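Given below, in the form of structure tokens, are the structures.
Next, two complexes with chain A in common: one pairs it with chain B, the other with chain C.
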Partner chain A sequence: MKLDLHNHSIKSDDGRAKVDNYCKWIAKRGLDLDGFVLSEHRQWDGESDYRALEDEYGLLILKASEVETEYGHVLVFGVNDDLVNAFDFADVRIPLRTVLAEAKRCGAFAVPCHPSRAIVGMFSHFDEFGPAEGVEVVETLNGGGRGTENDDAVHLAAQYGYRGVGGSDAHIVSHIGRCVTEFDDDIASIEQLVTALQGDRYRALSVDLD
Partner chain B sequence: MQIDIEAVKKEHVGFAFDETTFDIKAETLANYARGCGETEARFLDPGHPDFRAVPNYASNFHGRRNLPENFPADILRSFDAGKCVENLAPIRPGDTITGRSHIHDIYEKTGRSGPMMFVVHRMEFTNQDDAKVAVVDWRLVMRLGEM
Partner chain C sequence: MSEEARRFEDVDFGDEIPESFADVRLATVHVFTEASGMTFSRFNDHQAARKQGMPGAVVPGIMSQGIFAAKIHEWAPGCEVEKLDTVFRAPLIADTEVRVRGVVTDMDDGARTVEMDLTMLNEAGETPVIGTALVRLA
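Entry: the complex of A and B
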């Protein structure tokens, strides 16, 4: 199944897309997508309930977070109460080692996103801080990637032995589905997504929507 | 620019710093709607029984100050990061609208170009009957640190 692992709704300060409009867009365009993840910036959205939209559109809609570390931005899948209390999601200087360790302790999974992007990408900090320990997976394909960012991410992920996922990083509806992750196994919950990410039965895909 | 954001938040968030009144004229509402490309008569025709301001009209209001006095950032070095308008009741000709400003939030984020500080300037608008008609959040972004 194909999931877009990185998107933002109006819950994010820079998000301009309502979740129901993402669903309508996917249906209207007939996108080859089984679901998507909302990874709101610097917060955990514990309130929103998208089950009615899931039923209406036949999509899996999961929630995650995008937090900020000294190594750049990191997607966190499987956020729960323990993890919410482990560090301040609004802090823009959370140590990456804290995010990785606490995610692991709480049964979640952390994935540095757009890793080849300047300043907000993990690889851009390797010269200063050295390779990050404990990273297993990076977002090799990001829908907002410019120039050679995604090619560089694929190359560097292979060099460091990281597995890769894809996410659109959509902030407006028409950007969803540009980069996705294809899983060999079915996923029906955030727990199953975390389990899948811990394995290696998936791959990042870039989708030409034009 | 080095700013202690937590200290700035503590000093400025939640405190009103400006109050301005606006008299609403039919011709102004109609011209604004026309400028927006609106086509509905209730926004364009002052003779329409439900004539009112277009939904984004409150974003047109500006107070006398954009930031509180002594705010530690230069407005000339900031830029507009967008506005969010929440409409609560119609704005109509003849209304006298009062806008009260406060800093609703200040937060930091990191983007491709480096660290930034966002200031959310909230204006709450009430009419002559003290009914709240709109809330506008205006985000200002300021770059922090070295480029």
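Entry: the complex of A and C
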């Protein structure tokens, strides 16, 4: 199944898309997508309940977070109460080692995103801080990737032995579905997504929507 | 106004503004910056902009907003652009080929308004400028 692992709604300060409009768009355009993940910036959205939209559109809608570390931005899947209390999601300089360790302790999974982008990407900090310990997966395909960012991410992920996922990083409705992750196994919950990410039966895909 | 107004009833979710090119020739940017008093070298001189670390002369952000607004009005004569919100992800460079797209992504029957996604694509197919607009139709 295909999931878009990185999107933002109006819950994020720079997000302009309502979640129901993402669903309408996917249906209207007939996108080859089984679901998507909302990864709001610097917060955990514990309130929003998208089950009605899931039922109406036949999509899996999961929630995650995009937090900020000294190595750049990191997607965290499987956020729970334990993890919310482990560090301040609003902090823009959370140590990456803390995010990785606490995610692991709490049964979540952390994935540095747009890793080849300057400043907000993990690889851009390797010269200063050295390779990050404990990273297993990075977002090799990001829908907002410019220039050689995605190619560089694919190359560097291979070099460091990281697995890769894809996400659109959509902030507006029409940008969803540009990069996705194809999983070999069915996923029906955030727990199953975390389990899948811990394995290796998936791959990042870029989708030409033009 | 000679053109017929685009009515709310004639628009559907997913409707697109036909893709078109934006006039971002340096000469056009110069006209804009002269009129707006933004006579900074980074907008008007490729060489000076490069010395400031830019890939070339940069199209001013408010000019990009103006281009978006103009494209909306071309598509929907008689409309009111109530809100225009832009995000500048990378510099838009003068004298390059820039395509403009718009698409309806939300509709409010009561208010007779539509929300639109707006994008500018550069020659590499990237989107250095994105935005949304709230547009009231006739």
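Here are some notes:
The criterion applied here is as follows: the second predicted complex is superposed on the first by the 210 of 210 C-alpha atoms of A that agree within 3 Å, B and C clash if a C-alpha of one lies under 4 Å from a C-alpha of the other, contacts with A are read in each partner's own complex, and residues count from 1 in each chain.
Basically, a residue touches a chain if its C-beta (ideal position, glycine included) is under 8 Å from a C-beta of that chain, and two chains touch if they have at least 3 such contacts.
Computed from a prediction, not measured in an experiment: that's the story for all the values here.
In the superposition on chain A, A:Val92 makes contact with chain B only, while chain C stays out of contact range.
In the superposition on chain A, contact is made by A:Lys28 with chain C only, not with chain B.
Of the two partner chains placed by the overlay, only chain C lies in contact with A:Ile172; chain B stays clear of it. Within the superposed three-chain model, A:Ala17 lies in touch with chain C and out of touch with chain B [touch as defined at top]. Contact with chain C, but none with chain B, is seen for A:Gly147 once the two complexes are overlaid on the shared chain. Residue contacts after overlaying the shared chain place A:His41 against chain B, while chain C stays out of touching range.
Touched residues of chain A, counted separately for chain B and chain C, are more numerous for C.
Of the two partner chains, neither chain B nor chain C is touched by A:His125.
Counting contacts by the rule stated earlier, no residue of chain A appears in both its interface with chain B and its interface with chain C. Residues 13-14, 85, 87, 89-90, 103, 105-106, 115, 117, 119, 124, 126-128, 130-132 of chain C are the ones that touch chain A when the two sit in their complex. By the touch criterion given at the top, residues 14, 16-18, 21, 24-25, 28-29, 144, 146-147, 171-175 of chain A touch chain C in their complex.
Taken together, the chain A residues at the contact with chain B in this complex read 13, 41-42, 68, 72-73, 90, 92, 117-120. Of all the residues in chain B, the ones that touch chain A in their complex are 107-115, 118, 139.
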